[in-house]
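So, here's a batch of structures to check.
One chain, subunit A, links the two complexes that follow: it is found with subunit B in the first and with subunit C in the second.
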Partner chain A sequence: MSAPAIPAPAPAAPAPPPVETLTVKVNGKTLQVPKTHPDWQGKPQPTTMLQAARCGGVDIPHYCYHDKLPIAGNCRMCLVEFGTLMMDPATRKPILNEDGTPKISKSVLPYEPGTPRGAISCATPISPGMEIYADSPATKQMRESVLESLLINHPLDCTICDQAGECKLQEYSVEHGQAGSHFVEAKVHKPKAVDLGPRIVLDDERCILCTRCIRFTKDIAGDDALGIVNRGSYNTISAFQTGKFDNNYTLNTVDLCPVGALTSKDFRFKMRVWFLKETKSLCTGCGTGCNITVGSREGIIHRYEPRENDAVNGPWMCDTGRLNYKWIGRPDRLTEVRVNGQKVTWATAVKDIGSRLIRASSGSVALIASARQTTEELFLLKSLATRLGAVTDSVPREGEADHLLVNADRNPNTNGTRLTGIAFTEAGMQLPLIAAGIEAGTIRTLIVFGEDVTKHGIGPELLAKLEMLVVSDILPNATTAVATHLLPGASHAEKRGTFISVKGRLQKLTKAVESPGDARAEWEFLHELVHDVTGRNGFTSIEGLFNLMARETPAFAGLEWANIGDKGVDVKI
Partner chain B sequence: MSTKVVARAPLTFYERTYLPTILSGLKVTAKHFTDTVFRGKTVTMEYPEERWVVPEGYRGAPYLVKDQEGAIKCVSCQLCEFVCPPKAIRITPPGADGAPADRTNAEKMPKEFEINMLRCIFCGMCQEVCPEEAIFLQKDYSLTGESRAEMIFDKAKLLKLGGTHGGVQKWKHKLEGAKAQEVFPV
Partner chain C sequence: MAEQFKLITKHLDEPGFSPDIECYLRHGGYAALRKAVASPSRELADGKKLSPQEVLREDVKASGLRGRGGAGFSAGLKWSFVDRRSGKPIYLICNADESEPGTFKDRQIIHRDPHQLIEGMILSCWANDVKLAYIYIRGEMPEGARLLNVALKEVRSKGFLGKNILGTGYDLEIHVHRGAGAYICGEETGLIESLEGKRAYPRIKPPYFPAILGLYMCPTIVNNVETLCHVTHIVNMGAAEYAKLGTPNNTGTRIVSLSGDINRPGYYEIEVGKVTLGQLIHDSNFGGGLKPGRSLKAIIPGGSSSKVLKAGEVFKLNRKGPDGQMSKVDVPVLDLPYDFDSLQQAGTMSGSSAVIVLDDSRSMVVTLGNLSEFYAHESCGQCTPCREGALWLAKATHRLTHGEGRKEDTSYLAHIAQNIQGRTICAFGEAAAWPVLSFVKKFKDEFDAQGAADEAARANGIPPTHRPSPVVTLNLH
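Moving on, here comes the complex of A and B:
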């Protein structure tokens, strides 16, 4: 192994300009908080009481407020008692107490002594010297009353509600609510299990009318599909105009909904959320590389949810990506290692392939990898191809981009194929050459990973001319059907590794479930094969493999697995 | 953690002969002997033909119950599965396209509900946690089977053994309330 060249550290970026701050008191603690905070569009706006409290580690309960949505201020849950500096009208200077501390004018009306007059902390900007009482008796009383009001018509059907376990109404009721209610009147009944769109079910009784879904659909997804109809306690969310709520981002409203009003049809009554094991991973549907959380129980994936990463996807993801997990548990998954149709062990198959590849003359081997594979796997394939003098390529996969997250490049790791050198110009350019080589008989061995090459110009009649066809895939297709050596691979939820998004964000995959049968993560058997063929070893763990790759690939210089973190790092593409 | 040493009094000479203890034991044997042989009393039971009658509140095997209208009460909330200490309960939720619940607006009921009676410790946590009063520890204490598979009781078996247990019928009242307001599409 060549000595790794450690690159000189990049010159430190110029220090950002000092942030302008204000001094406020949160629960008696003096804090310096930034004067502005980014709003949902990232524009600086005056810091609100809620954000100031958050700076001090105090979380003020809220429903309608969301960092990435316009502020509506309608749920009233974040009401807090506060005080401002008492100013001398003549001098505009703070009036001081006898002990020298500034006099605070509390938000209590003078003509009704003791009446709490809170302000919604999500929409009230802070002023210098402001005091926020996030857990004063008056604030607590306001919270109790707001919760009591929100629960007037709530059906309390937590037992059949999919949100139970991750419901803000449940959580705040336990934390800030009271056991009883003053209301003895019959609850207002509203429509239940309303079919709002192809992927969304609405329960109007559970809705607390925070309008998060309406704001998201209008302002983020750009489809003004939802609104509130009827009056007073008969307020209901409704899909107006078209009558259907159907865009590619509808399922984000399920995450946004703080209660169980909007639920996913796909996840409906499937599993209680407290059973789900949450694994931080990536969506592999397109080149954007949205961060996700995989919810699985006992080896079965039940749902994907977006994981907030402001550098990539914010808190959102598209519906297509979110539902792109069902094929993982398909019963026809490839689960057996096969050589010439006979079931064999991994050791036999890898040894057989290795010994044949060593004997192959230079130039007689071609390798088609997939841009759906992890960077580590592509790196191993490339080192195999280098030793064999093989021509390599991957398959492009284009679709339509949209205005928010979906990228036109449907491959999750096109940059991985470029940076590892599998397809360093344009993907798919070498495919006709490989086809011609097989036709002419110069290419006698073809290695295919994760692609059905019969759909990309190398038909079954060409594949029949090969001496050896090594295929690794997850699901059966026309190429796996004619493979001489068939190696069952692992889906993205069953292995670790990294992907590089179209914008050059290198991010980690984490294993959520086990592969079925004999299927194995590609990098595990590839490193054995690479060892057999090239004689190189020393990377039996994904960490070691990544670090080795980072040392040998200029674009990853200075990177280590341990430093990637959950949200990834930017690499030069 | 500190250790507390408990003083153990040495046995007296009388105790060390062990005879008094043996004799008091023999006294019980002799009493049962005379009771059965001379007085015609029985102290044992012809089990299994004859069964012990358990007292009220006895915690036997947990079974699912139906309400007074014969509807399945369980709504598949899976709290019992979560709370079960030996993980004996296994519920298969209905999913989005499962059969509709017996009770009109309860919306869901379990597709499958299994209790592994070999694992169950009759602790009663499932009964305590159930928000629907759908599972009760009943009086069966002696469960036998010829295989392990037979000892996993499924939904049909649990409901058959469980019988009926009335209750407040909250879903019915909700439905009636909704109908009264004429806004509920039924």
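Moving on, here comes the complex of A and C:
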């Protein structure tokens, strides 16, 4: 084996064009901020006061504003007091104080010049020399009063509310609110536990009418399903047809809802959010590779949430992907290592498989790996196959694509199978050849990872002809049932590794929960097997394994595990 | 004796004057349109040449015409803000959603002289290169909508509207759109949303200034019915002559809707600033005085949203003396000239020029209860301070008028209103807050007394005189 090549430094990116800036003051601090910021569609628009404040590390509280939604400006939480340069009408130049600093005219009510007039920082563009007073007494008073208004008709039922712990109403009340309320009237009562759609429940009394959900489903999901009925304080969010808020993105409205109005039928009343451990991971439902956060407690996964990554999924994910976690905790998970039906230890099984494979003649072994395995596992399997002269392939899995996130390729790592050499351009091409080889008796050993081959042209009658059938999987199926060597594997939430999306985004999985029973991450036992068969060693950690793979795989040239980051990197596909 | 000056309302009450086009033509109708489209371009001193359309735009500016809808903004200036370089069509909308309580002037024009409005609209559209215009009429005025549609049909048949108007090559179409009954549709951006078929939620400004991003995100002019009518008269009289009507910076005439505790409620047209509030109330040409034995208590001078004036108040107004110097002069409330600027200096506004007179038989607490109930009912509910605050105010005033007041309710009401004004998307916030703020400030004694009396009664075991305000439960789903 040749010495590992030292990765060439990545070619320096061309210097970005200089960013035009404006000078503004935020809380007394002078800042240079870019003249424009991307709007919700990514188009450059004049920088707003809210964005300028962020540049200075000042977060202005807001409910209705969201970076990726059209601006509504209705919650008024982001009102701030501000001042602009006083201009000489004749010369159109700033009027200066005696010390040379520009005179500032603070915005006041036109009919009551003693009272500051706030502007919504989410929609008000900055102007040169503008001063933003994000923590002035007037700004604080505006926030207090908006919060007081939001709470007068709110049921204050935090103790039984699923949003508690991640509720902006709670958080801002603590940060910006006042302890008491002046309100002594009867509250407005509105519908509770409204069945908005198959996955969403609405509590209208908790709703602060920020319209994030309406804007999301209309402008992002493209399903104009939600609206407001009634008027004034009786305003109520409603689906045009009750129970029919049913597109594949409805659960994003639960994330967007800053309060406990929209809750997920799947998650509500299951777990207090402060008990959840958050783990960065990926959705495995299709080739898009949406970034997710896995919420788990004591080894049980309770929810997936999208994790913002503008290179992949933005802040969204589809409902199908989000709810695709329950199989991980299924009671019939494979948890025992078995050889010829007998429960054995991992050491026994791996040694037995290794010694048999070494004796196998070249060409008598075939290997079918799933495009649901991590790239590292596929790399190890390919090393094994190369040593054994085995024919390899994986199983294609197609569905319908949609306009937003769902990809037609339902495998999360098709590009991993290609780049490691497990599959060719057309995954599944070799499956008929393998079937024919078994039929003809030339293939006598089959290694299957993560697929039920009986559904893909290699039926039980063919499997019965094999001398050895090594199967690793997570859940039982017709193939695992006839395995001579059965190796219980780990779900993506139980291991580390990488997936490569259909667009070539290489991204990391992190381990959220432990595997049940004896089940183990495939790469952990594969590296032992590869060592036994090929004599190669040196990849006992996922970092080392990835870095070795990167050195030997042209598409990953220059990559190191430590450099992938939480949001992944683009690789050449 | 102050007199009416009938410009817009000249023929409205004449026996035999009918809303059909033949009658309008007999009274010199559409002469202004003929005159304008035939007018020459104008060369300025600096050699710049103005097209006939630009001439009219300049004339409207020079006339000093201010919007008659409520804000009193210069109409010519408003037109000058229109983005004429966007390449998008420019729309004009006539705001006929007259719903400010106390206001009933636009409906007189629409019902009795619809062609006067249509001529003003055609002129304004022509001046601003508008090819498509709308009349957004209040849903509660079905007869007005019918009359306007009839009038539009007539005017099309006469060639004043449609393709190639009067052979000039200019095309214009006007549609009547009926609202569905919401006060907020009178707010120009709410109106635009409603016209687009959406909920009448006022738009945030910036960025949605109608002159740039209005109807269908195109430059749009929204003018009040009465404002548009004045354009006809500016053309007929010439800007300079028109500007001589009224007082400086408050030119022209205005139709005042007089209502309340007076002998002769009705609409009266005056030269702006030439008639005082006292004359409007007491002169036999106008209100004809209070009911026998009654004394004046308060005046709501510009529609229900304007801040109330108290009888006996004296204001410091800027007045130009004979030497041309400005000085502060004490002006009693009844001597306030009825115009835009004097009322603004008196801390209120002429708004939609609806004067509501209250005599000493009225409880200010009950009056405010009535107003607050209206604003709670009409708040669109888009933005937080108004949505929650307007109903809160109504509930508080309801308590005060039903025996459940508290001593601290005066400051309580002010606290709520203070947190609405200036913090909302549209001026509805002010509209809901101003009556409250001015009532509790100027009639604090009355509110304090009500709260104290209710507390005393409760302390003595006398039950409140009212049934508790019902908890409103909606059952929609």
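In the analysis below, the second predicted complex is superposed on the first by the 562 of 573 C-alpha atoms of A that agree within 3 Å, B and C clash if a C-alpha of one lies under 4 Å from a C-alpha of the other, contacts with A are read in each partner's own complex, and residues count from 1 in each chain.
Everything that follows uses one rule, which is that a contact is a pair of C-beta atoms (placed from the backbone, for glycine too) under 8 Å apart; a residue touches a chain by one contact, two chains touch by 3 or more.
From a predicted model like this one, the values you see are computed outputs, not experimental measurements.
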item: Which superposed partner A:R272 touches (first subunit B, second subunit C, both, neither); value: first
item: Subunit B versus subunit C as contact partner of A:S238, first or second or both or neither; value: second
item: Touched partner set for A:A164, first subunit B, second subunit C, both or neither; value: first
item: Which of subunit B and subunit C A:V188 touches, first, second, both or neither; value: both
item: First (subunit B), second (subunit C), both or neither touched by A:K280; value: neither
item: Partner chain in contact with A:L79 - subunit B first, subunit C second, else both or neither; value: second
item: Which superposed partner A:K218 touches (first subunit B, second subunit C, both, neither); value: neither
item: Per-residue touch tally on subunit A - higher for subunit B or for subunit C; value: C
item: Partner chain(s) touched by A:H531 [first = subunit B, second = subunit C, both, neither]; value: neither
item: Contact residues common to both interfaces of subunit A (with subunit B and with subunit C); value: 186-191, 234
item: Sites on subunit B touched by subunit A in the complex; value: 75-79, 81-82, 93-96, 98, 105-108, 131-132, 174, 177-178, 180-181, 183-185
item: Complex contact set, residues of subunit A against subunit C; value: 71-77, 79, 109, 111-112, 115, 117-118, 120, 123-125, 142, 145-146, 148-150, 152-153, 182-191, 194-195, 208-209, 227-236, 238, 242
item: Partner subunit B, residues of subunit A touching it in the complex; value: 155, 158-160, 164, 186-193, 234, 265-266, 268-272, 274-275
item: Subunit A-touching residues of subunit C, taken from the complex the two chains share; value: 182, 199, 201, 204, 206-207, 344, 347, 376-385, 387-392, 395-396, 399, 406, 412, 415-416, 419, 421-425, 430, 468-469, 471-477
